[in-house]
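Structure incoming, see below.
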């Protein structure tokens, strides 16, 4: 039973020797940037991550929440995002999809981002004279979750895509990490979309370009660690340090038992997760606004406010 | 410039002599029930209300918010609603559409109802064995408002209807009344759907059976009075009592001026509107749950909770 | 039955000829500043406003909510507030009291401001070494309202004042205006505190310096107009324009009847009151932070964030 | 470094052989009741729990959230609480203190309970004629947390107690447990109050009868497990099963290192903690309302609603 992670960066850390992966990293001020590309289907299978690009921004100091680093993270994210949005025309239509449940805190990232994106499509459609230059038509929907609405998220997204014909879809979702200290400090941007069960095999169920017929980006932030991961990591480390490697499998079986009996589907999260989600949602929304409206940010901002 | 109201009951009060309208009322305990049917297009034009049935429940004592009257209102509403839902099969699909903006209090009725409806479609679709008898497949979506999402509400509703093929759509929305004392005490149920601009002429823009191709009900509660209505009503009453009828038009023109200069698009609302919306949303959601799951309410409730 | 207003500026407008009042105004960019001082107890009685200073900031363009005007308003407010806070020592203790009910939107200004003020007293008390220079010890409490807590607001405030011995108390509260168009555009700062029933006579029930034994400021924003005011204003204007002055009293009696029967304790408010309260709370909190921490704003901000 | 728990029941489980503790349990329907009394200061020291009574209600099936079990839990809690409230006179004053931070979900239990308690003191004080029989004067305050208000919680509570002179204080707070599966299923009622750092030694800092001079109860629900507890428990179990007891200390040191480096102050919590806090707050508030107003519950309920 492997450790579960939504971060390609962590899949890679756990499998450093697999072929079919390119990787490079740079430091931009206080933000580390790692670019991983999964280039073969064998690598995708082994890493449990779809073929495509994964850009990870990481700023450990974010955990103490300094306001100026929020701004640095916002601009670094905007710059990475522009690699994808700069290909779009000046009057392109962009659909932001906020996944997750607004009323479950660690699951509320998507809806919170959607609330803060500058929505312009009603202006470009009905009041085109309110603006001097071409402005991208941004819209934002929160399809909710199946258990709450009774309608499959993908069906709602498909319906909206069919109706408004966007040039780009960006889905936002909470992620699970394997390390608790990544919760407030990391952000992943990928061109593979959102793919349930790591997107191997059944890509038809995902929110991705194959299914929707348009380019799909996904932005996510690790907001939970499964409690079982903590137990597994503890044991691995003990096995490493004690040289008890011959017993590691036995120990892991025991851990499995502890987890099933005592922990169940619990998650690990910081106590101030409410503030963290709020901060990270603001970083993502601000970064998207900067990238979408690169040439007319102030004009759009005054129209929207 | 006529007084605006979303209540057919009030349109009728203002135009008591128009032909093409049938009307009857009864008292069920502390709840008054008025049934109005607009039967000709001439009457529809004059009343600014689409042809169809309008059922109004009215309980003045609700303003002091006694818990037992909430229950009475809930059951009376459920009974009226069953006239429409009893025609549906035991495994029919029902789509609840919560209109309005969750973050503007007097506009939040729809989303609040949608949150409290028992959503069962994910169970009937994926876990049919969890239930012994046929259960209606209820789902609930909140399409937001154009200004917030950038996507037309009707487009989102059409997409969901196409995808899940419901047998009935029920839309919930806040209404404007002409009398402030109706705000916490009245509820309107109609089979005409939601029709912008009173639905005369362009019914193609409405959430109604003509557009969606399935029966559409609408449930609404008056939660605002336009401030201009207060001024107009005051003047009409003064004209009545002073015999200044010959000057009424002149007075109304003056009032118009006052309103435009001092009041603008202000609304009149009770200070405790937050609690009122919450209470009325609960009455509607509970009433719908009772009507939808008439034969297996307790079983569904325990599955959902 | 006179028109009710919490704004000294409006009391003055309604009584322009009363002696014992000094008044001057200036324009600071897009913000108008009016300074009124009630200097005699006769004037206080006639204006129904306690003796003392009232500073009103007014920016009509705020109604379209431009971000840069928010900043201008914030800095103008901070500057006016500094006239009072600059007298305090560098390590003075300031108690912010957020009056009102967090869950009734137009009554939620006080609690919302209290949430956003930079609270430093726990640092100055327990971690004095975390800061290089003297920092004012700011604390913020929301005593709730009697109906919600069952404890008199004044009793809670007195208890806190006795315990922490502040050098200044600043109370924040929602106000009632007589003109709807002041709702999103005006802010009043006074050194008379908060005085129920206009503070004439029984000043012992107020949150003021006489009762608390320390200087007390109050900051308020008009967020409601009583619906009855709309009716009265409409009639006054009609009487003015028609020359029906001899009948004005009769008309006002009629209006009184309309109001009692149809309107009751309704309030007039813009539909987007939720956003307006949020914006005005931010202006007040930001302005207080700038004034309180004039010499070390950035240091404090990074400690708090 | 011992495992931390706020539950006396768990302290006892970890130290089953200590003298100076009486203990008995019974099963009331689906709710288990355990009554523990710490009778000597030696036992208090060893268990890190103050001398006094601890009543724990436990209903494992609550995790699937059946509505009828909520009612059973409510009534069982009310019955236990009556052992303390039945000693009070019919017009006694009760102060409910909701501890914690309303905006941090697992810390919001106290404020949520305080919001739902039937507050009657403003009626008994100002409208005594509204009620036929003596009614207890209940009031409810949420003093916030030091970091948010800058004022010590205990100082605010002391001020209110001095002002209203209650006959009983009941404090509500979130607890930390050592087992994740207790999070949605357990409730502790104690007559020892709230005592920081387990209340050993410095009882002067606690919200207890010694400090406040009136009887003080505390009600709590485990809503978090410290993530470090998961690691420690895993290792203990492994040591048990592998017979590696001689290495347990070494292993625990390693675990300590893992925890410090990777986990920090993380907490373990179910993903749907928002719903759980809401449900448990309702159980506690309903139970208190039933106990406080044992003889006139319906009358009070209709006055309050």
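Worth pointing out:
Note that the chains are named A, B, C and D in the order they appear, and that numbering of residues resets to 1 at the start of each chain.
We take it that contacts are C-beta pairs under 8 Å (C-beta built on N, C-alpha and C of every residue); 3 or more make two chains touch, one makes a residue touch a chain.
Given the structure is predicted, the values throughout are model-derived calculations rather than measurements.
Farthest chain from chain A (centres taken as the mean of C-alpha atoms): C.
Between chain A and chain B, the superposing rotation on Cα atoms measures out at 180°, rounded to the nearest 5. Averaging C-alpha coordinates per chain places the centre of chain C 39 Å away from that of chain D.
Measuring from the averaged C-alpha position of chain A to that of chain C gives a distance of 43 Å.
Separation between the centroids of chain B and chain C, computed from CA atoms only, is 37 Å. Shared contact sites, meaning residues of chain C that touch two or more other chains, are absent. If the chains shown are joined wherever they touch, the resulting network links each chain directly to all the rest. Only residues 115, 119-122, 137-142, 144, 146-152, 155-156, 158-160, 162-164 of chain D touch chain C when the two sit together in their complex. Those residues of chain A lying in contact with chain C across their complex are 65-68, 301-302, 305.
On the chain C side of its complex with chain B, the touching residues are 103-107, 179-181, 183, 224-225, 227, 230-231, 233-235, 237-238, 241-242, 247, 250-251, 254-255, 257-259, 262-275.
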